[in-house]
Structures are given as structure tokens and as C-alpha cells.
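First comes the structure, then the notes that go with it.
Lettered A, B, C, D and E in written order, each chain numbered from 1.
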Amino acid sequence: METTSDFLNIKDVNTAFKINGKYYDAISHINLTVHHDEILAIVGESGCGKSTLATTIMGLHDPSETKISGEIDFEGTNLLKLDEAGYNKFRGAKIGMIFQDPLSALNPLKRIEDQISEVMTYHTKLTAEQKHDRVLELLKEVGIVDPKRTAHQFPHQLSGGMRQRVIIAIAIACKPDLIIADEPTTALDVTIQAQILDVLRKIQSENHAGIILITHDLGVVAETADRVAVMYAGQIVEEGSVEQIFNTPKHPYTRSLLRSMPQRDNQNDDLYVIQGNVPSLQKMSKIGDRFAPRIPWVKPEEHEENPTMHEIEPGHEVRCTCYKNFSFPDQVGSVKA
Amino acid sequence: MSLVEIKNLKVHYPIRSGFWNRITDSVKAVDGISFNIEAGETYGLVGESGSGKSTTGKSVVGLEKITSGSIMYQGKDITKKINRKELDYNHDVQMIFQDSLSSLNPRKRIEDIIAEPLRNFEHLSKDEEKLRVLQLLDIVGLDPDALYKYPHQFSGGQRQRIGVARAVATNPKLIIADEPVSALDLSVQAQVLNFMKKIQREFGISYLFISHDLGVVRHMCNNIAIMNRGRLVEIGTRDDIYNHPVHIYTKRLLAAIPETSVNNRQQHRANRLAVEEVYREQQDKYYDKDGKAFPLVPISPTHSVALPKEVANKIIKQEGEVKA
Amino acid sequence: MEENLNKHSNISAADLDRLTKEASEEATPSSAKIVWNEFKADRPAFIALFIVVGFILFVMIASLFINTPKMMETNIMNYNISPGTNGYTLGADAGGRSIAQQLIVGSRNSIGIAIGLTIISSTFGICWGLISGYFSGYIDWGMQRVYDFMMMLPMTMMIIVLVTIIKNYNAVSLTLIFSIFYWEGTSRLIRSRTLSESEKDYVAASKTSGTSSLKIIFREIMPNISSLIIVDTTLSFAENIGVETGLSYLGFGLPIQTPSLGTLIANANDPNNITEYWWTWLPAALLIIVLCLSISYIGQVVRRSADASQRQGAAEQ
Amino acid sequence: GCSNGNSSSSSSGTTAQIKLKSSFKNSAATDKNATKNGTLKLAEVADSPFQGISDPVLASNAADSHVFSPGGLNNLFNVDKNYKIIDGGLANQKLDRKAKTATITIRSNGKWSNGDPVTAKDVEYAYEVLGNKESTTSQYSSDFENIEGMAAYHKGTASTISGIEMPDGEKGKKVVIHFKHMSPSMKFSGNSFIWGAAEPYEYIKNVPIAKLASSEQIRKNPIFTGPYKLDKIVTGESTSWVPNKFYYGKKAQIGHITINVVSSNNIVKAIQSKKYDSVVPSASGEVGGTSYKKLKNLKGYTKVGQPALSYSYFAFNLGHFDTKTGKNVADSNKKMANKSLRQAMMYALNVDDVAKKFGNGVAWRGNTLIPPVFTKYYDKSAKGYSLNLKKANKLLDDAGYKKRNGSKWRSDPKGKKLTIYFGGMSGNSITEATYQDYLQQWHKVGLNVKLYGGKPMEMNSFYDLLQKPSQNKIDLWTAAWSLSSEPSQSQLYGETAPFNMGHFVTKKNTELINKMNDSSAWNDKTRTKTFKQWQEYMNDQAGVVPEEFNYVWQPVNNRVKGFDFSPANNELFSDLTLTSSKLK
Amino acid sequence: MWKTVLRRIMIMIPEVIILSLLVFLLAKAMPGDPFTGSINPKSDPAQLHHLMKMNGLYDPWYQQYWNWVVHLFHGNLGNSYQYQEPVTRLIGSRAVNTIWLALLTTVLTYCFALPMGMFAAKHEGKLPDNIVRIYTYVTYSIPFFVVLVIGIWIFGYVLGWFPTTGSVSATANPGLPTAGSHLYHILLPSILGALFGTVNVVQYLRSEVIDAKRSDYVRTARSKGVPEKDIYKHHIFRNSLLPIAAFAGYSITGLLNGSIFTETVFSYPGMGLLFINSINYRDYTVITALVLIYGILNLLGTLLSDIILSIVDPRIRIE
């Protein structure tokens, strides 16, 4: 099944939260597509709206506290038009989600088996026995050594890595087309992180699912993703294949991020530091390039007034024009940090 | 003489149970580790979660009650409270914590937070103290108007720098940094790491740098110890550890670090799986019957590995051959 | 050391005043101010605060003008006289004593007892909880056994037994007796918060900064649970007003000669008073209700403002 | 019955303002059906559950004797309106002054409610239970040692009471009691020499006397000799009764009688909401004066009443009890030793006003120490102490209690400061209001009288203090007594009486009290005279001064017929019928 | 787990001993003696002294205490002076009443509190929530006995719906009618007690539910596509109800305290009323026994709560 048909189309989505009676955009004008059989990574600093995007797709926001506009086209259905019951047909069945904190994401008072089979109760017509078998099967699939025992245990009796595997099992129980993994490995050790990522990749190839992998760890992205979208302050600033992003990053933000990573080759140097802070929601400017304040040496005229995405090579898009002549101050040697 | 010499340090937490609530067992959080921290260097302590890194760090600053072993500083064992007092140990050894928010008292203004050690160790006049705090803020790159603000009004990186300012306030010789950047975003992490290096250069401070991020450790540390289940499995220089790992655990840890080089990611992955495979197969060889790591055996002047004697000797021989 | 710093910092002694001034202009308001602002914003809370403070002040001042022994003199001809007659605004009780005046003096006594009880039991409970929560080991173990014991004591019964033993008890001894039993709840609450607070790194940081245990407890930890303390204290203040009342009702509270809201409500002991001479007890009951409602409302507002400041802190991290 | 004195009565004018009849002769016709199948609902006013000791020897609480009263309490004798024992009851009594014996003859058809006959042993056994060393009774008194052999039996040195004889054997019907000396009070019910009730020997003989009070036979399934027999008992709460077919006298008519305990706080509401026909008829009074005001106009109820056996009094602390000799001794140096002072204090009081205000007509100022229920002995003409401030002031002035050095208060004749401590038990708000009123009155005559401890005392502490052999804390107090139906005064005010807590002793008093029961007293006229003399003397001495008398009264629902609770009616429960099945 | 329970019980023993000694001494320190109350002209003080002596009341306190302890080990709490009955039997008969009252109160409390708390939390910040909050404020503020007094007046006397005294009707036939009558008698006090007892449960439940609503596992459940009502049923309510179950044990303390007031107002012959009476009559044996029993019940209550909690919550399940 080698289709690359995009089954998820996110078009111009805005999500705004109500804070003290006013709505503020947490993500704005997001356009994204996800294909079968690929891992799309979304990277960005804390607070840039990665989780918001994920939960917007899942429809997990309280409608009285949020305002969402745009269109999320999932296999021909606009998810944003669905009511609660309609959404429930997709959640768990067609879209699975994996959360960051594996301990709190599981109901502490229910056995693992019940938590996994619950999702099947609502989306399949399996008998109790079949469900039981499927649970064991799933646990095995996510790499749990002793599925029988684990199925009978409670979350607190499992290690972090095991819990995360259970959550993955829940997410894939109904063979969804789309899996959203929101920082699935942040709370885990590197060795376990690697294992979990392996599991994710295996599942993706077996189920031909599309995976949205949210993370702020560039290493994880580089190792796992097929395509990458870089977010900054609620917007996507650059999008492209892993190679494009890591080998020929364009946007100043992407480049800054990569430069600030401790790497083999900058062992004894100072790391690059992005000036300033990510603005808080309320202080986010509506117009202009949101990253501009953090690269003050770039002249205003190099930025677009209303930055848009520019496709610079097939599949590689960058927001704003400032990337064109961008260079770091120490490389220019003229601008003082 | 090293700045701090840790010898056979053990920290066991008792588990009480049974009818009389007696100690029936213990969590061996730290189970006999030894290493030395030299003046002016950054010593890295790496290991997975729960391996006892923090416990070691806390023992060194004196926050933890030690089961056995010694920590020598200026020729005195500072695991004894009297010696700590006598040496003004806490004046010389400070700590930076992982969670910057929780390590700063949310009800205190920055001025009071930074001045706290000053008030305890140096008896300055009000103006002197204020000046000192302002200077410290300046050094860590914060504006003076931070003086009367509360911790929650700062970003993570700024807060971590406040933590550093407090730690350097008494001009310490050693700072224990327990995962100082794990909670921070990349860009902020860079800021703090740079800054810690700068301070070290300027004040000649030593760090015991605790982290599970091998990338960061490689960036920061000259000497590194790998910890596993309360014991050290390998210590050596940066080069020893990253380029010539010997212990299977170290190898596995290194292999699991995600690489940013997209182009050879397949290769990296294959390598990791291979190491993983070896680890599964050979695990028993590297641990004794109880699953404990063996005592460290030097295989070069800077490099020691927890191996059974014979194996170590073999390796030493091999190395010798390679060199020859 | 000093040179060391001077060497690395661009700030010199000369800049001190200017920078300090600059900083203080940018200073963040203290938490007291935040709470005050919260009150100003919340009209009902402001009214509640106004009622409580105003009422307490009124009662304290007004009772100075009342000669209590004189007031408590019986005037049997005005036995249970109804409100509005003979200049008795709120009528009189079985002894022909003005209910209005008794309300004032009684409120003062009751509030006094409640305040006294709150101060004694909370102070003790807070200290106990802080110390027990901060120290582990034998100190905590011993202190917890005391909790267990207190927990076991049937409070009302013990108070009644004690009250019957002490021959000439008065408001003060009554307050003290109550205090023996009412510190425990507060203390437990404080202890559990202290426990979790002690695990936070700022406590470890203070330890490594060489701060003494007592200083850590009272200067570091206590301010951090201050909102809890304030809330708990206001709520237990409201509750404590009811403590004396209940015992007076059973006949083990204040003697009638010392009027209190409790002794007034004890008039409801007699069902006839409930209907026929409602003025002997109802105003006191209403007063207690209004007072307790206001106080607990204030407690809620304080709690909320404390929460809000936390939330604000969380959002910016 | 007994009263713990806690129910300080409240009170009215020199005499009752109302007149109540002791009976309610209902003109409506008896509804036979309602009577036969209906239930008479009575309330017992008590603040604690009753104890459930049905045995009159062991009971120590009025509530117990009330809730078991339809069973007749195993009373042996019928009495007249003066509580004098008359023939016609379960047994008759004959006194022989010469032989110093009392002969008790049980009627031949006297039966227990289980059908067993009442025998001589039943009468005798009462004394055994009473005098037994192990007995838990509090009814025993040294007076009983007037019976030959009782002292030895009580000590445990004799296993039987030698002075009690059963000439026809245990199963016979005759008992002869031999006394050391005879007393005129033996003619009256409630005297402390002859026990007036039988014990069902056959029924309880297997229970050790020490365990009797807690035995099933006494608690769960007691038997009685009266018109009704116990049907069911809910411990502490209620008893219910059905007619006893073995009753020798007039047959009971109502199908059921229930008696429920109701707390004093709730009784008025309970009656007002027509939950009860009445309260248990008793001589000690179930509903007080305050309730009268609330119930007097209640529709559907008729009030019945008679003077009470109880009265409240003021007593002065005048001496101490010498534990060695067992005698009360008057101390002339006591603060209150001055008669004028005492009289003045009494004249200063406005008991009339207080009684009028709070007594609602059923209580009034007492004028003498014998309450009017004893029609024969009561001195109607006694003046007592009514408010007379002038006289009070004069008395004080003359006796040398003057205000000195511009003081607000009078000092004693020697010029020393005089502070008098007044004691009273806590009660309801009226009690306390009354105390305050008294204090104010005394202040009016310049006496610095203070409430001891600043407030009324709790009952236990109060008697604890007063019963000390010697105390100087309380100088005068008020409390109440409930008298036995035999009005001898030796146990209250006699020289050796431990209850003489004011330690008022004079030669004359001792003489008069002794005279009440000496041989001269066999003559009723002489005895009456002695009583009058004593009353006059006591009033003059003002060592103990009556405070208030009151009516025992109760509301009776208009459906009840034949209600008469005067002491002379010995068939109270048998007479009752109902005129409708519902309360009116 | 049973080991832990046993250990807890062992720890309780010294506490109970200290309490018993304390109570014993305090009771003895009260002025008066069991016979002070029975003075009347007919009773002979000599006989009262005789009784005092017979009951060992003149012995030194340690002797009395020792005797008492020795008897205790024979299951004998002594005799009530007032009731002349073995204390065990006396309290036994009263305890039954108190237990029924407490039981019904507890049941009703939960019947009222659970829907209220859940409803309020479900509609957090909206009208139902505010109503419930006002209700809890008010019940929190009014002294309990005032509620009782007003309750008995309105429903007992004015409307006459409920009996106002006692625990059972004197005329009820044995069997079902008696049981019914018992129930009828405790209904009003239980309802009033329950209205009052709800406060803690409602507040606790409400905050539990609100916490649960915001918890990550509920978000997980949503992402599984579980319908809202099932989320409430299977996750939110279930998880917040379990800790509530443990409240039952803790609430014993409150119930026992309340029983003193309830039983006084309703002349309901339970342990609370017995205590007040015994205090007035200085019935030492009963006072001591009652305080001790209440103390032990308090202890058992907390123990019970801990056990319930450990059974119900796998996280703290004691192995």
C-alpha cells in the first residue's frame, strides 16, 4: 500500500484560548498535511503551540474556553464540524493519541487490560474474549515481555517505559490511520526513549499509519522523522523533509536551534544563544515576523509585513523572507550580541 | 590532592516493614562509589533515572545522611556534621538544582534569595549586601530590576541563572549541578551551559555535573563517571568514555543518544540495535550474581571500568597490543 | 572574594542607590496587596469583610459602654418582654435582661473566645505541624503519636469532663480547655503541606546555604504555606464560634452570667422559647450564621487569591 | 419517691392564686369500646431514660416508680387524704403500742400478676432485701434498726431478722414485726420504720440480693400486685400495661396504658401537639409552674392539681457537723449566727413577686416549713417572710449592721466588712433570674451578698460542698426538699441529721422535733400542736426559711374519665375509662 | 495486609491504656460522687457511705484503677451506680440505638452528598454548583444543635410527622412493626444529621471530581473516543468515589460527637445521652467506659478508613 495520499489536511487552523475573558491565538494559520506511512515531526520550543495543535486535531478542547477556526480535513470529513458523538467515532478508532506523561495518562485505579480494552468497546464489536486476546497481542506488539502479567497489573506497578508502551498499545488498539504522539519520550531515559521510538516506527510501518510526532528534541527528530515542521510562537516557520531541515535549514529559527545544540564539534566553544524570550500568548504580536525581535540585527525591511510560507524547493517551505540573507552575528562579526 | 575525594560512598534508604516496623531491607541508592574531583574541572556524573546520581550529589553537599564511606575535603571527612561546621563547608560547596522554580522560594524576592547564603556566612552591612547582590545579578546577566521580583516572574533560563547566582554568591570552590538544564529548552539550555562555563573560567569553580543527557555532558565535562544501579561502571576522561567505551552499559547508553546527522541515521540505528543485542546477550558477564556491577579496575591511568579482574587484564593487554 | 566579584561585575558601589531605586520602581506588589486587590474587585467579599470587621469593631466599642453586671441584673417585671416594648429593641429574656445589650456583650465574649481559641490553637497547631513535618525521625514519630492520641480522644466528651472538673471556670479557662483539643486539625493540615514543601528544592537550597533549621521552618516554609494558614485560620475562626455555642447548649459552656452568643442560643434549649420567645435566641443564631458565613466567605476569597497568584506563576514559567 | 433537689421549683402570692381540683369528673359517657381497645397515653417527664428498676426497695429514682405505677408498686396499704394508713388495701396494719409490734395481715385474695398469692414471706422479704449487707438499695436507714434484729442482719452477723415473725408460716398471711420502741409516725404511709411494699419472694428468691437490681425478674419481666400488669418494657423509654386479671380490687378497664419518657424541654410541646392524655399521676409533680402558663388554656385538656409534697427553702450556714459524736453543732461565731441578720435578709426578699411572675399561680410564697398538703399539720396562719424593706433595714440597724466609712455596704456589728455568699444550683433561666433578683433585693438593704463562684453551681458540686461536715464558703443557699408522706422532721432538721446542712441546732428545736414522735404524739391533737409550735419556732429563728410552695398539677385530656389523683384515691388506675378513641 | 492491621492495633493498645488512665483520673476528679444526686429526706447518709464503701469508692485511685483494669480483662466494665446494671449491658443496649442512628445517618449522608457533590462538580461554576456551594456554606455555618432544635420543632411538633422522643413506640407489636417503629424514630434525627454531615463529603467529592475532570487519564479516555457520560461513569465518578468510601471511617468521629447533641434533643436513649446523664450523676464507671469506647471507636474508624482506602486504591494496597 504505497499510497502517499494525504489523508489529513489541516487548513488555516487557528486555536484561541480565553484568558481573562479575551481570546488569544495559541496557534495561528496552521497548514499541514499528513500522509500515510510517514512520521511528521513537529518541533519547537516549549509553549509554541505543539500540544495545542495536537489537541485541536483530537478535538479535546473545551468549546466554552476555546475558539477554533479553519478546517481539519480527515479522510474527507471536516473534523471541526463534528459534534461530540461524531468526534468519538474518530477518536480512538481512526486517530490515536499518545501523551507525554505516562503515569498520569493512565487511570491509576484500573487494570491495564481494562484500559486497553475500553477503547475497543467503543469502536469494535469484539467479544470479551476476543478483546482479551487482542490486549495480549497488543502488549506483545509494543514490546512487553510478559503481556499476561502486565495486563493484570495497575499502572503504578509498571516502569515509565512500560507505561508508555501501554499508552501506545491503547493508541494503536483499533489500528488508527493517524497517531498523534505528543512528546512520547520526554519523560524517559535515553535507552528507553530509543526503544519507544523503535516501537513507534515499527507500528507505523506495520499499520501504514501516519504519525505526528511532537517533540522538542532535535536528535529524536533527526533519527525518527520523515518530514519536519518547525514551529515558533504558534506558527509553522519551516517545513520540509528531515534531510532538508537538517542539512539545509533555512529559517533563522531553525538554524538557531540547530546551532544551540551541544554537538561533537562544538565541544569547547560556547553554544549559540538565541536572544530574548518567547513572547507569552497575550504579548504575541499579530503582525510581522514573530521571530524578528530575537534576531534584532536583521533589518526590518528584510522581514515580510505579513510573513507567508514560501516553497523554496519541492516540499520545503519557509516562512518570511528574512531567511534569504540571514547570517549569525558572530559569523558576520559586525553585530554585537 | 584532589578537591574532593569520595571513597566507597554508600547511601542506603531503609525499607521498614513487618510487625515491629523494623528495617527489613534497604534501597541501595548509592552502593560504594569512589571518585575524585579536581579543582577547576567539571566532573560529569551520568546514568539513567534512579541510578543514584542525585543521591550522590546530595551526599556531597551534606544533604543526605550517609550509610558508610567518606567524603574528604581539605583532609577532613565532611560526612560528619562537626567537620562541615568547622570547615564552613557549605560556604565552599553549593548546589544548583534541576527544577529552577522549586529551588527558588516562591515567596521570597530575588534579593533575599541571592542574599541568603551571604547572610549566613558573611556578615555584611545592608548596603554591602545589596551591592553584592546587584553585582551577582550583573554577573549572571540579569537587570537590577530583578531585585524586587519574585521567581515566577522569570523564564526558566533566567531562574536557573538566579540559582547560579545564589550558588556563586559565597564564591564556592565546588558547585554540585544536579541536572541543571534538563528542564530547559534547547536555546535556554545553551544559555545556561555557556554561562556555567563562563563562571567556571572566571572564578575557577569545580563542578560536579549530574546529567542523563550525554550530549550535554560531553559538552561540559572533562572527566566522566557512568553510574548504574548505585555503582560506577566506568570512569574516565571525555575521550575515554566517548571514544573508547569499554563497559557494555556505557556503550549502550552512548548508542542510544539520538544523532542529528540525518544522513547516516540508518547506520546509527543499526549500530544501536547491534549494541542492544550485545547488551542482552552479554549482560551477565558485566554484572555479578546479584546483578551488581563489579568494582572498578583501572585499564589506563585515566580510565577505569567495572569488570572482573581477568577480563580487565585481557583488555589492558589488548590495548597494549594495539598501541604497540 | 570581594575583589573577585568586583573584577567580574560592571557594577560598583557608586551605582548602588540608583539601581536600587530603579529596581524598587519595578517591584512586584506583595501578596498582601494582591489579596487586598482581590477584595476590592470582589464586591460581596468586600461587603463580607466590611461586615465582619465593622461588626467586631462595633461590638468591641459598644460593649465598653455597657455595664455588664448591671445589664445582667434581673428585672423580673420585664420577663420575656417582646421586642420594641419598654425600650427593649430586641426584647428581653426570662430575666428581663435586654437581648440587644446581651447580643453586643455576648458577641464580644463569643468572638473573644473564638479569637482566643483560634490564636492559641492555630499558633500551637501551626508550630507543631511545621516542626513535625519538617523533621523526620524520632521527633516526627513522637509528635505523630501525639496526633494519634488526640485523634482518638472524643473531643466533646473530654471537654465536658474537664468543664465539670474545673469548679470556677470562666471564659479564659474555657478557651484554654477548647484549645487543648482544637489544634489538631490545623496541625495535621500544616504538617502534610510542610512535608511536601520540605521536599522542594528551595529547602535543600537553604540548607546548603547554611540556614538553620528553625529559620528554614519559619522563614522559608511558613511563608509558602501562608495562604493555607490564612485560609485555615479564617475557617477555623468561623468554626470556633460554633464550638462554645454547642457546649453552652448542652449546659457545659459559659455560665449565663457571662453572656455569649452561646448562652443566648441556649435559650432555644426550651422549645417554648423557640416559638413564643423567639427573640431570646433567634437574633443570636442569625448573628452567628451571618458572622460565620461572612468569615468563611472571606476565607474563600483569600484562598482564591492565593490560588490565582499561583496560577499566574504557573502560566509564566 | 425522691427528688434530687435539682428541680428547684418556681413560683406566687401568699397562697395559690388558682384553685385546682385533684380530680376530673368527666361528664361525658364512657365509650366502652374505646376503653376496652384503646390506649391511655401517659408521659413521664424525665431528662434521662428511666433506670428500669421496678423493685421499690431498689429503685432510687422517681422516674422508675412513675413508669411502674400502673402496677401498683406492690403497695401494701391504702391511705386517707392525710396519708394515714387505713384498712382495705392489699394488707391491713395493726399497731400494738404495748407489745411494741405491728401486725400486717394480707388479704386472702391478694395475688401477684402471675397468679401467685401474696404471702407473709413476700412482706418479710422486703425487709431482707432492704437490710441486706450486699443490697444496692439506698432506701435503708438506721431507723429500720428499730426493728429487733435488723441491726444484726444488716451487719451480716445474723442471717435472718429476728424481729419479724410469720406466725402462719411463710405461706401464711400474717406478719408480726417487733420494734424496740414505737413511733406515732408508724401510722402514716412513708414512715421510716415500716416498709410499705411487698417483694415477690417466690419469683425472685433465686437471685442473690446483690444482683437483684440487674436481674431479669426486676428489669425485664417484673410482676406486680396492682390493677395493671406489665405488657412490655422498652428499657429507659417506655412501659406498656394491660389489665391484671389477678388484681384483688376494682378491675382495670382500659385495654392499654403506655408510659413514655419525655424530656422536660419537650413536654409542653408534646402535650400541645396532643401526643399524650396526661402525664403520670404523681405526688411529686411532673409539669412545673412555667409549663402551666403555656398549657392552662390548652383546648381539650382539663387541669387537675393538689398541693405538692415538696417545697423550696433558704438555709443559713450556722455550724458544723461533728463527725465524732455524729451531731450537728451550732457555732455562735458564724457569719449568719445573728438572728436579726437572717430575718432581715428574709424580709428583704420579694418572693411574692417572684412567685407571681414565674409561678403562674401554681407556686406561691411558702409561709412555713410544713407544706399545705399536710392539711392537718400545716400552719395556715403563719406569716412567713414577705417583702418589708423597712423592717429589714431596721432589724439590721438595730443589730449593729451599719454602713460605715461611707461604704455602700453594711459591715458587721464589729465593724468588719461583711460579704455574704449565696449559693444556688443551676437550673433554667428562671432559676438564675430569680437568684439575680434576690441578690438585688439584698443589695437594696445594703447587704453585700454575692453569688458564690459568681454563678449558680452545678448540682453535684453544690451538694458536695454543703455536705462537708464543715464549710465556710456558702453562707446561705436555696434548694428544695421533697418530703415523705410522713412529715416527721428529724431527718431534715434533727440534731443528728446529716441532711441538716445548715447545722441549725437549738435545744428547743431538738425538743420539738423529738416531741413529734414521742409517746405524746400518739395523740393526734398533741402531735398537731407540736407541729404548729415547731413551725412557729422555725419561722422565728429563720435558720431555715421556706421559699415557695407549689401545686402538683397536670393536664388531663378530656377523653379521660374518672381521673382523681388525690392521695385518698387508692384505685386511681382502676377508675380510669376513656370516652373516645381519639384524644380530644 | 492483615499484618499491618494487626500492627496498627498493637500500636493502639498503649494509646488506649493512656486514655483509660486519663479518663479514669479525670472522672474521679469531678466533684461529687454517684450518690450525691440521691439525697432526699428518706435516704440515710450512713447507707450512702455504706454503698460508697461497698463499691470501693473510698479506695485510693490507683487501687480503684487497678481493680477496674482487672475487671476489664474479664470483660467486666463494672456496674453503673445510677442504673445498678452491669455497664456492659447498659452500654450494650444503648449502643445498639446509637449504631442504628449512626448507620442511617451515614447512609442518608451519602445518599444526599453523592448526587450533590457530583452534580455540583459536573456543572462546576454554574447554577447547580453555586446552589450546592451555598448549601454547604450555610450548613457549615449553622451550629448543629440549632438545626436539630428547629427540626424537631417543625417536623416533630408543629407538623407532627415524626416522633419526638424515644427509640421505639411502646405499643408496636413485636417483629416488623417494632422494626418499623425503630426506623420511624431515627428517621428525623438521621435526616437532620445527614443534612449536616454532607458538608464534608460534598466538598471533598466536588473537589475530587473537579480534579479528576482535569486529569490526564480523563484526557486519555476522551482520546479513546469514550462518550462523555461514560467518561463520567467509568473514570471520573469511579475514581473520585473510591477515596470517598474511606470517609465512612473518619466520619465516625463526627457521628459520635453529633450523637451527644442529637440524642439530647430527641431524648433518644443512645450512648450520647447516656454520657450526659452519667456526667450529671457522676456515674464514673459509665463515663469511663463511654469515653473509652468512643476513643476506641475513633481509632477503629481511622483504621477502617485506612483499610478501605488500601483495599480500594491499588496504589496504596498493602501487600
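In this text, contacts are C-beta pairs under 8 Å (C-beta built on N, C-alpha and C of every residue); 3 or more make two chains touch, one makes a residue touch a chain.
Just so you know, these numbers come straight off a predicted model, no measurement behind them.
Asker: Among the remaining chains, which ones contact both chain C and chain D?
Answerer: E
Asker: Among the chains, which one keeps its Cα centre farthest from the Cα centre of chain B?
Answerer: The most remote chain is D.
Asker: Please indicate the chain closest to the centre of the assembly, with centres calculated from CA atoms only.
Answerer: The most central chain, going by mean C-alpha position, is E.
Asker: Using the average of all C-alpha atoms in each chain as its centre, how far is it in Å between chain A and chain C?
Answerer: Centre-to-centre distance between chain A and chain C: 50 Å.
Asker: How big is the gap, in whole Å, between where the Cα atoms of chain C centre and where those of chain E centre?
Answerer: Here chain C and chain E have centroids separated by 27 Å.
Asker: So what's the Cα centroid distance for chain B and chain C, whole Å?
Answerer: For chain B versus chain C, the centre distance works out to 47 Å.
Asker: Could you state the distance in Å from the CA-based centre of chain B to that of chain D?
Answerer: Once rounded, the distance between the two centres reads 90 Å.
Asker: Two or more other chains in contact with one residue: find those residues in chain B.
Answerer: 155
Asker: Which positions in chain D are in touch with at least two other chains?
Answerer: Within chain D, the residues that touch at least two other chains are 266, 269, 458, 460-461.
Asker: Please list all residues of chain E that touch 2 or more other chains.
Answerer: Each of 30-31, 152-153, 157, 276 in chain E touches at least two other chains.
Asker: Of all residues in chain D, which touch chain E in the complex?
Answerer: 2-6, 39, 47-49, 51-53, 58, 60-61, 134, 136-143, 190, 192, 213-214, 219, 232, 234-240, 256, 258-263, 266, 269-270, 272-273, 275, 458-461, 463-465, 467, 481-484, 491-492, 498-499
Asker: Which positions of chain B touch chain A when the two form their complex?
Answerer: Against chain A, chain B makes touches at 48-49, 155, 185-187, 189-191, 193-194, 197-198, 212-216, 218-220, 238, 252-253, 255-263, 265, 268-269, 272-273.
Asker: What does chain E use to touch chain C in their complex?
Answerer: 11-12, 15-16, 18-19, 23, 26-27, 29-31, 137-138, 140-146, 149-150, 152-153, 157, 253, 256-257, 260-261, 264, 275-276, 279, 287, 290-291, 294-296, 298-299, 302
Asker: Help me check something: in the complex, which residues belonging to chain C touch chain D?
Answerer: 72-74, 76-77, 79, 93-97, 164, 167-168, 170, 251, 255-258, 267, 269-272, 276
Asker: Report the residues of chain E in contact with chain A in the complex, numbered from low to high.
Answerer: For chain E paired with chain A, touching residues are 215-217, 219-228, 230, 234-235, 238-239, 242, 312-315.
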